Structures are given as C-alpha cells and as structure tokens.
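Each chain carries a letter (A, B, C and D) given by its place in the written order, and its residues are counted from 1.
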Amino acid sequence: MLISFKNDYSEGCHPRILEALGRNNLVQQDGYGADIYSEKAKSLIKQKCDAADADVHFVSGGTQANMLVIAASLRAHESVISTTTGHIYTNETGAIEATGHKINAVEGVDGKLTPSHIQQVLDGHSNKPHVLKQRMVYISNSTEMGTIYTKSELKALYTFCQANDLYLFMDGARLGSALMAADNDLTLADIASYTDVFWIGGTKNGALLGEAIVITNSVLQEDFAYHIKQRGAMLAKGMVLGTQFLELFKDNLYFDLASYANEQAMRIKQALIGYGCIFWAETTTNQLFPILSNDQIAQLSQKFAFHHWKKIDENHSAIRLITSWATTDERVEHFIKALKKV
Amino acid sequence: MLISFKNDYSEGCHPRILEALGRNNLVQQDGYGADIYSEKAKSLIKQKCDAADADVHFVSGGTQANMLVIAASLRAHESVISTTTGHIYTNETGAIEATGHKINAVEGVDGKLTPSHIQQVLDGHSNKPHVLKQRMVYISNSTEMGTIYTKSELKALYTFCQANDLYLFMDGARLGSALMAADNDLTLADIASYTDVFWIGGTKNGALLGEAIVITNSVLQEDFAYHIKQRGAMLAKGMVLGTQFLELFKDNLYFDLASYANEQAMRIKQALIGYGCIFWAETTTNQLFPILSNDQIAQLSQKFAFHHWKKIDENHSAIRLITSWATTDERVEHFIKALKKV
Amino acid sequence: MLISFKNDYSEGCHPRILEALGRNNLVQQDGYGADIYSEKAKSLIKQKCDAADADVHFVSGGTQANMLVIAASLRAHESVISTTTGHIYTNETGAIEATGHKINAVEGVDGKLTPSHIQQVLDGHSNKPHVLKQRMVYISNSTEMGTIYTKSELKALYTFCQANDLYLFMDGARLGSALMAADNDLTLADIASYTDVFWIGGTKNGALLGEAIVITNSVLQEDFAYHIKQRGAMLAKGMVLGTQFLELFKDNLYFDLASYANEQAMRIKQALIGYGCIFWAETTTNQLFPILSNDQIAQLSQKFAFHHWKKIDENHSAIRLITSWATTDERVEHFIKALKKV
Amino acid sequence: MLISFKNDYSEGCHPRILEALGRNNLVQQDGYGADIYSEKAKSLIKQKCDAADADVHFVSGGTQANMLVIAASLRAHESVISTTTGHIYTNETGAIEATGHKINAVEGVDGKLTPSHIQQVLDGHSNKPHVLKQRMVYISNSTEMGTIYTKSELKALYTFCQANDLYLFMDGARLGSALMAADNDLTLADIASYTDVFWIGGTKNGALLGEAIVITNSVLQEDFAYHIKQRGAMLAKGMVLGTQFLELFKDNLYFDLASYANEQAMRIKQALIGYGCIFWAETTTNQLFPILSNDQIAQLSQKFAFHHWKKIDENHSAIRLITSWATTDERVEHFIKALKKV
C-alpha cells in the first residue's frame, strides 16, 4: 500500500466531526438546512467574517458551489473571467458551460489574476453585441498552483471589479490553507470585504463533505436558495453539513487543521530545499510542486502516491505533493527519508 | 418540542452507518468514488439486483439523481413523461427544465402511470416536429402518494415503453419502503429487469445522505461518470457514500430499516382505522394520508409536527404522516394516544 | 390543387413589400440592424405605440421572438405562466424549456388568462424554494383560439401582474387581426401601456418574415441585443426586416391587411351561421372554428385544405379556417358555394 | 457616403433572387419548409454534392446554423474543438455555450486546424471524467482569415476525426468564395465526402438571407427538424429560403457570384502588391488583410468604410477589405485610385 500525497481528501474527517455527528444523530431536526446546527454554524461564520449581513449556504462540493454561484449570478448573455489554470476552466467537465455560460480564460501569473489580465479580456470583447458581456471574475485562494493572494492584490482586484461592474468570486476549496500560510496577510473578514461572494472549503480541510458559500453582495443574495434546490445541491439532511461547520468553527479547529497541513508541507519543502530541489511554483500552503528527475520520481513512486503534474524537459517533471490535517509525522518522515535516498 | 412525523429525514443515520464511517475514517482511499468501499458496495448491489452488467453510481440526493439521469439520457429535443404528482414535476424547482428538458405531465391514478396514460401523452404530440419527442417515462416507487407498483403493472409499463422507444426510469427515494410493503410482489431483481435505470434511496432509509443509481440499459451507461462530474454530483470523498451503502447492503440492514418504518406506519394506520378514519390515499408503506377534521388537526398539531397535505372540504383536510427507521415505539404510542383523545 | 385555408402564411408577401425590398436592394447599409430602414421603422412603431422610450427589435419568427424575450427576462429559477393552449406550451418543441425555463400552464378560458388563473398558479407554488418563482405571464392576442382581449381584461391582468412582481408579455403573432376585430377596443398604445413587452407579427400579416419586439419596461430593455445575437436571431442583412416593417407602418398597410383578412373570415362566418353552423370558439378575427359533420368535412376536403382541429363527438369535429391579406374574394366565394352544397 | 468594403452583406440580394421571390409570391404553399421550391432546391443541392442520401435544411443565418448543428449533435458532456479565430469562439455571443457546450479552442495556423492541433486538445483532456469529451471539430472554409483548406488538408482532418470518434463540421458562410478561389482544389462533392455536416452560405453570396445545412452522416440526420423548430430557426414561410437556394443552384449562379467577388478582391490585391504592400494573411478569396500605415488608413477612411482588423505595430495596422457579388468595377477602381494617392 502506497502512502498517498495525492490530495487532501484521501481520508474521512477529523474525529471531532464524527463525534459531533454522533452527538446530534437522533435529535429530530427540520430538513433542507432549517436545522439548528446549520443556523448556529451560519451565525458563527458570519461572525468570523465580520459580515453580519452576509448570507451563508452549505453545499456538498466545490464544483457544485462554483456552478451554483456562477449560474445564479449571471444572466444568459454574461460570462465569467478565469485564469487558464482555474478549476472551473480545466477540471469541472464543463459544469459552468452546462449552465449556459462561457468562461473567458486568460493566462494569469502564478495561477493568479491581476487587473491588467482582466482588462485584457475586456479589451478583447469590444465588438458588442457579438461578444459576451463579462460580469464576474473567478479566482481561487489558494490557487490551483498553491499560491496565495495578498491583501493588496485582492484589494486591487476588487477595486477594479467594482469600477467595471464585475462581481468578484473566490473559490475557497483550500481557503484554510491560504489563510494559514506563513506569508498570508488576509483574514476572513478581509475576504468578505473584498469579494462579492466566496466559499470556505470544508471537504479538503477536515470535513466529510461540505463547503460554505458566503454571499456579501445583497444583489447576489436574492433567491439563492431556489438555485441550490434547482441544481440538486440541497441536502434533505442539511444538518449533516451544518453539524460539521459548527464543529469546525465553534473554536479554532478549521484554522488549526489548515495550519497543521501547511506545517507538514513546509517540513517536506525544507527537506527538498536542503537537497537543492527547485520548484515549479513557489508555495507556502499545503501543495508542493518539486521538480525531480524521472528516475527520482520512479523511485519515489514505489512507496508513495502523488500526481505527475507537468513535464519540464525530457528528464525532469514537476510532481504535486499535498498534505492535509491527516498527514501524520510518520508519513512525512518516511517521505523525507525516501528523498534522502534518491 | 414537537414530535415530528413530517418526513423520513429528520434524524441523522442508523448507528451502524456512523460506526462504519468511523471504522474506515483514517484509511487512505482514492477520491471520486475510486475507493474500495464504493467498489464493494457496487458489487453487492449488482448482486442483489441480479444484474451483473449494471452500472452503479452513488450521488448525494434525489433531485440530483433525477436531473442527472434525465439530462444524461435525453438529447435536446427529447422530453420525459411524468404524472402531475411526480416529484420532478412539483418539487424540484425546475431542475429538469434547467437542464433544457420539458416534463410532459399527465394525471395518473393513485400517483401511478399506466400505458394508457403514456399513450395519451404520445397522442397529444403528433404534430412533429412542432412538439417534443417523448423518450423517457419517469415513475416513483413508492409514489409521492405512498402507493406502490405491482409486478404486473411494472411489467406492463416496461413492455409498453420498449414498444414505443421510451426509457423507463424509476425514482426510488422510498424504494425500500415499497419493497417491504405487505402487498408488494416486486424484488430488486424485478425492478432491474423491468426498468432501464432506477435509483435506490439511502437518504430516507437510514443513510446520512446518498442514493444509488443503477443503470441496466447499456446505452444509458455510456459516459455517465462525465455527467456526474458536470452536474456537481461527484463527491471528492466518494467513500462517504460507498461506506454507507456497503453497510446498508452487506446484510439485510437496508430492508430491515424499511420494514420497521412500514410497521410503525401500519400501527398508526390500524389505530386510525379503528377510530373510523378514512384516507386520501390507500397506502401500505411509510406514508399515511388520513383525513381529519380541522379541529382534530389543530389539536394534534400541538404535540406533533406533520404536513397539511390537501384540503378536502371546508372542515376536513388530509395530513401526511411519515415514519422512518428512527420512529420509536414510544412516539408511535404517544401519537396513538393523542388520536384517542381527539 | 386545393385552395388552402390552413394558415395565414401560405403565400409570400404583399406586393408593396417586394417593391420596397427592390427599391433598397443595392443601397449599401450597415449590417445587423444598423441600417436606416430599420431605424426608421423602429421610430414609426414607437410613434404608433405612443411609447417614445420603448425599444424595438426585429427578428425572423414567432418562436424565436418568444424564446428570446423569455430567456432574456428570466433568471435561472424563474418561470413563465401560460394557458395550456398557449403556443409556447404546445407548438414550439420545448423552445422555452431548452433555454432552461419551465412553463407553468393553467387552463384558461377561451384561450385567455385572467388574474384568478394566475393566482391559482401562484397558490400552487408556495413551497419555496422547492418550486419555481413565477416571474412572467405569457398571453397571445389574438389567441390560439382566435379570441381577443378587451381593454378591461388586459388592464386587469397588467394591474395584477404589477402587484405580484410579474412581467406581462403578449405574443402578437396575429396582433393585427386582433386590433382590427369588430369588437376590439384596444390600440397599439394601450398594449404598450398595459404590457412590459410584446411583439407585432409581420409573418402572418403580409411580410415575407419578421416580427417586431417592443419592450416598454426599461429593466427588460437592458442588453437585449446580446440575446438576439446569442440565440442566432440577428440577421446580417437586418435591412430585410427593417424595410418590411417600414413599408407596413409608413402608412396604414399593416392594419389594412389585417382588416381585409378579418373581413374575409367574417364573410365565411356569416355564411356558416346562415347554414345554422355552431362554432368551437367564438371569434371575430381571421380564424374560424366551425363544427361540422365528418361527412361535410370529408366533402370540403376534396377542394379545400384546412386543419382538423378538435374532435367533438363521433360524428362531428371542429375545423380551423384561416384567412389572410392574400385570401381572394374568389376563394371565399368558392368556399361559400361549397358550403352550400354540403 | 462612404463606399463600403466592410463586409459581403451590405446590399440586398442578387436581382434574380428578387425576381424569383416575385414569381412565386402568390402561389399557395405549405409552410415550414414543405413547399415545392424548398424540395427542389434540396434535390439540386444533393445532386451538386453528389450526396443522394444527405439531408438538407435551410435556416436564416450563420450563428443559427452553427448553434443548431452543434447542439443537435452533442450530448451534454461533449464539446467541440475550434481554432481561437473560429467564428463560434469569437463572434457569436456565447451562442454555443448557451446551448450548454464548451468550445475547446486551440491556436491554429492561418485560421485553420490540422490533426496535430486536434491531438493537442485531446492530449490536454486525459483526466476523465473531470474534463469534457471532445466529439466534434469545427472549421470554416474560407476561414475567418480568408484562407482555404486544400483537399489533402481536409482529407487528413477527416481521416483523423474518423479515427478519433469526432464529427467534422464545416462552417461555409463563405464556402462559395473558397470553392472559387484560384488555388482551390475542393469540390462540393469533396466537402460532402470529407465532413459529417457542413453548410453552404447564402447570406454572404447573393441571398437576402439563408444558409443550407447539408448533413451527410446519418447519425446526425436523425430528428434534426425538431432542433430547427426548438431553436426558433424554422421559418413559417419556408419558401422564402427555398426559392432563393433554388435560384442560386438551378444553374451556376451561386458559383458565378462567388467568382465575381473573388475577382474583384484579386484586382485590389494586385494593386496593393503593385504598391509593395504586404498582408497579414495570404488570401485568394474575397477577403484581404493588407497592412498599411496609420496615416494611409486614415486617408482611405475618408472615402471608404472597412474594418480595422489588427494592430501590427505603433505605426501600422492590418485592415480587412471584403468584396461581394455586388462590388462594382467602379468601386474597385475608386479604391485602386485612392490607393495610388496614399
């Protein structure tokens, strides 16, 4: 059996989550999110976002959250801007287009967008009405390359979006990891301030399943529940999601788990640096993209599972290593030892 | 706190499910349904359906299962036939239409369709190509009225569908309850034989969440996984679903839970009959629709939660009572006692 | 060769239309509706509607106009209300649903809707968010049964719609015929006042093709041109439509053609009444629905083409007869003579 | 008034078309394409394509033809490949995505695709089912850059598509011009042989409006008429389209008009070459993309209308000049004289 560094959803959930589910298991609750755990969890999240007027909704997964937010926000002739590395552009089987909306992709930098990237897209769509109207910008934090947005970067994007009648939407599948990165200067409250809508990923940070969509722009709040139901995203037993987010946010658990995952990644990173390794992307979160020789990769593959990410040249490739709240010290040490050998 | 007979998803899950989730919790698995529990659960289900060539897929909820199956099966100009009481027609916020497909609704009998109902729809769509081409028939078992299909009814429907180039699709949100009804003569294997695709509901029969889609028609099997991902229905931690269905089907748990729910309903039914009550629909499953006076309803509402289903006349309404695997004897007795009083 | 009373689009266009197309044929114009004829025609129509702030757009056909208006007006979770006889519900191959929107159909009276019909639909959709949000009401004038709305009926509908946050949309495929009916009391300006959007049919009233969409509600005006292009409805040679509507509206041609069609229908109607015929629908427009014996129908069918509309009993059916601007006196007389014989 | 070289749809139609419309104008015909002119025109086109088993359908415009063909051919999880310069990717307001399908765009060469471009897209979509399944390849001939496919290029593409289970679809908005180019070696019959579906553009080659979709693959033929109606593309007066294509194809008119347009373009091209001009794209059709200095462009703009196509450097841009069947010798000479001056 290989030890897996393939992703941050290889295990179930943090034990406290299972305990919480057990605790509430036989207490009768109303369905479809009208249970008391969901209510409490929503309150807590709004509090931590310092956004009393926000709306919070729990759904099962990331693709679902993305397609829901985008389809609910756009009229038929409106499109969303993303980097070419954006999850919605590359890894969601056309989920966004299936709701009728084109993604205008632009090559970003380090998996991130800046105002000039967005301006470039807008400039290419001047031949109205033969082109779509851009209405939303999609970003992820941390990105699909493991990088993070700084406060000034996010602020600049938001200001630009506001000036250009664009909604700013952040995919937070790995938001915990971004916020706990050593060089991060953003808070949940900053994100609530400088986006129109974002989501806080639970699946990749300790939950069995679940993402929390936080809508701060009141225009986008209107009628959102209808869309959840229409896209098949409203669980009958909404308490399954509410209970988990309540557990994650009732103290610091959500952040502690992300910190832990980051620390494990950084331990591996230090080891790699120690061996002179260079990286395809410079990351401080729970994703690493070391460039190794094909031979080294082959040797590591005998004991560890990970994704081959990008061919660099004939003899080298970048691999992707991901740690999580469940990555034990033992596994990290195993890997570091194996590195030493190769 | 009222005792709720509102639905069969008021509680969490059967304790064995939680135990199973705990047991597997820290064992690393591949994501997106490629875990060993999902594989084993699929095998078991195919075995119990006596359908070795079937494909089984796990998703989170019923609306999701319905929209997935229908959107994956139909081309743009094709429609699906349902009774006017069908869940897809009345309670899914236009989820089917949002994928581009019209539902041709026809009034059925007791929540069920017969070949003559379908023929009626086909006859009304002769002005080709100004009308849609009907390509699928949607039924539920048990139905939204708590009734069930007999073997001969299902066989007749399937034969008719085969002769008319229509796929037959059964929504099994409450399939357990249907199969365990005293007057049922269908088996899982019959259903696999006499439909093209159906699903086995977990959410309403002991699981935290989850439905198992069983596709027996090989045409409909093709590429189904793409659709699951595209509609946001593919959980990263697929083992959450696999583990639950494995537990439900590794012995008789799924059927035992449904039997129990039916029995509790029948106890209440007998009590109601004893008091001379009549019913809006004649049911042998876990749903009851007794007709009571408004005064009786008001009194019961002080201690119990249930849905007011249908106004019958100025002074009477049908209410809906639902039992589940979690309905205790104590609650049933409370209710029967309260009935006695009113 | 049978003489056809099947519809009002059996011939090409009024000769003045062809002349106008010839006159402008070689004058260079900008494409996509930015030609001077379109501009002038739009101005004239706004003037005749007494609606200076309206937006006018020309498209090719009725189904196109309907799907465009509805898809441009509704968000994903919103639906449109129609009678069960509405063209969008029965004869457009699911064009509306293909844009993602459900039609909530209700049985009307004489092909028409009243506030109580709409209220009935709203009442059936109280279980939010498990149902769609009704946001638009679709009516036709004249209706698919040849009947027309009176001013007070339209006003009542519009008032109700305003009070219930519903857009009122009128399909005017046969608006000319409605406005020229002997018992009509509506003007174009009334219709502009008491709807949010409507269209004036050209195809069935003398044009080769073309319908003029008039949007008076400023919310619905926004970005409409994008939708025209997106739905494939923007002709490169927009002048083909502009020229025709300019010719139809530069004097009274549009109304004269409709009057003429109505008169021919009324001549046939008088003859039918003279023979003691009764009608499936009471009409004063260019559609007649006489009930005849099967034998009479068979005899007439030897010389005339028309639609068999509705079986009334074993021995009788209603047929549909339609006249147009191109129905000659000679053909009318032929038909009346044939009636006499049968 | 400027002389326009902006496009090939600035004028109405060839005089013979108007005459034909006049000739048939008052003869009663069945609607929706069931008229005798449409029937005859379809026969002729199949004959000229040497494709007796093909299906031919007439629609109003190019975006409509594209979205129809693509939406009718693909299941929900399938996508279409195009160059980044493809009309569907850049100029159709997301019409394809609005039907639910993503366009996988790849940079081609001279506006064209080769098997290696397609392979590149397929290689980028190996992570099934998290990516779309490519099922169709879209090309245009002539392309949006005025270039054309050779027989061997088309054959190679088709062979590759066959081997990879991809439909090959050719947009023929300017097919006449392509087929009449001096260096063309393709015939209509070749195109019918080496594609699954294509369309013959009428709007840009002498018709008032209209494109003829030719479907040779029998799988794609099935039920196509439903889609035409569903997308609002079925004209009530189908004879308007049938009559025009009958006139264009009953002798050599369609090809003569295209030849003429090409010749006028080549006269201008020769003059430009004479002045040492270079071109952004090397074309032999009715589109020219000369690179001129900003000053030259400004001077020409005072007398002529054309599109500024592409900025080349600070001082130079490519403009687009388009000729048509209606471009008079006089206008060509005017332009050549003006060129001489600048």
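Observations on the structure shown:
Here is the rule we use: a residue touches a chain if its C-beta (ideal position, glycine included) is under 8 Å from a C-beta of that chain, and two chains touch if they have at least 3 such contacts.
This is a predicted model, so every value here is computed, not measured.
When chain centres are defined as mean Cα coordinates, B lies farthest from subunit D. For the pairs C-D and B-C, the larger set of C-beta contacts lies at C-D.
Taking each chain's centre as the mean of its C-alpha atoms, subunit C lies 33 Å from subunit D. The distance from the centre of subunit B to the centre of subunit C, with each centre set as the mean of the Cα atoms, comes to 43 Å. Counting only residues that touch two or more partner chains, subunit D has 76-77, 92-94, 98-100, 129-130, 132, 226, 229-230, 234.
Those residues of subunit A that touch subunit C in the complex are listed here as 32, 71-72, 75-77, 99-100, 128-130, 132-133, 223, 225-230, 234.
The residues of subunit C lying in touch with subunit B in their complex are 76-77, 79, 90-94, 97-103, 127, 129-132. By the touch rule above, subunit D contacts subunit C in their complex via residues 1, 3-4, 6-7, 9-13, 15, 18, 21-22, 24-31, 60-68, 92-95, 98-99, 203-204, 208-209, 226, 229-237, 239-240, 326.
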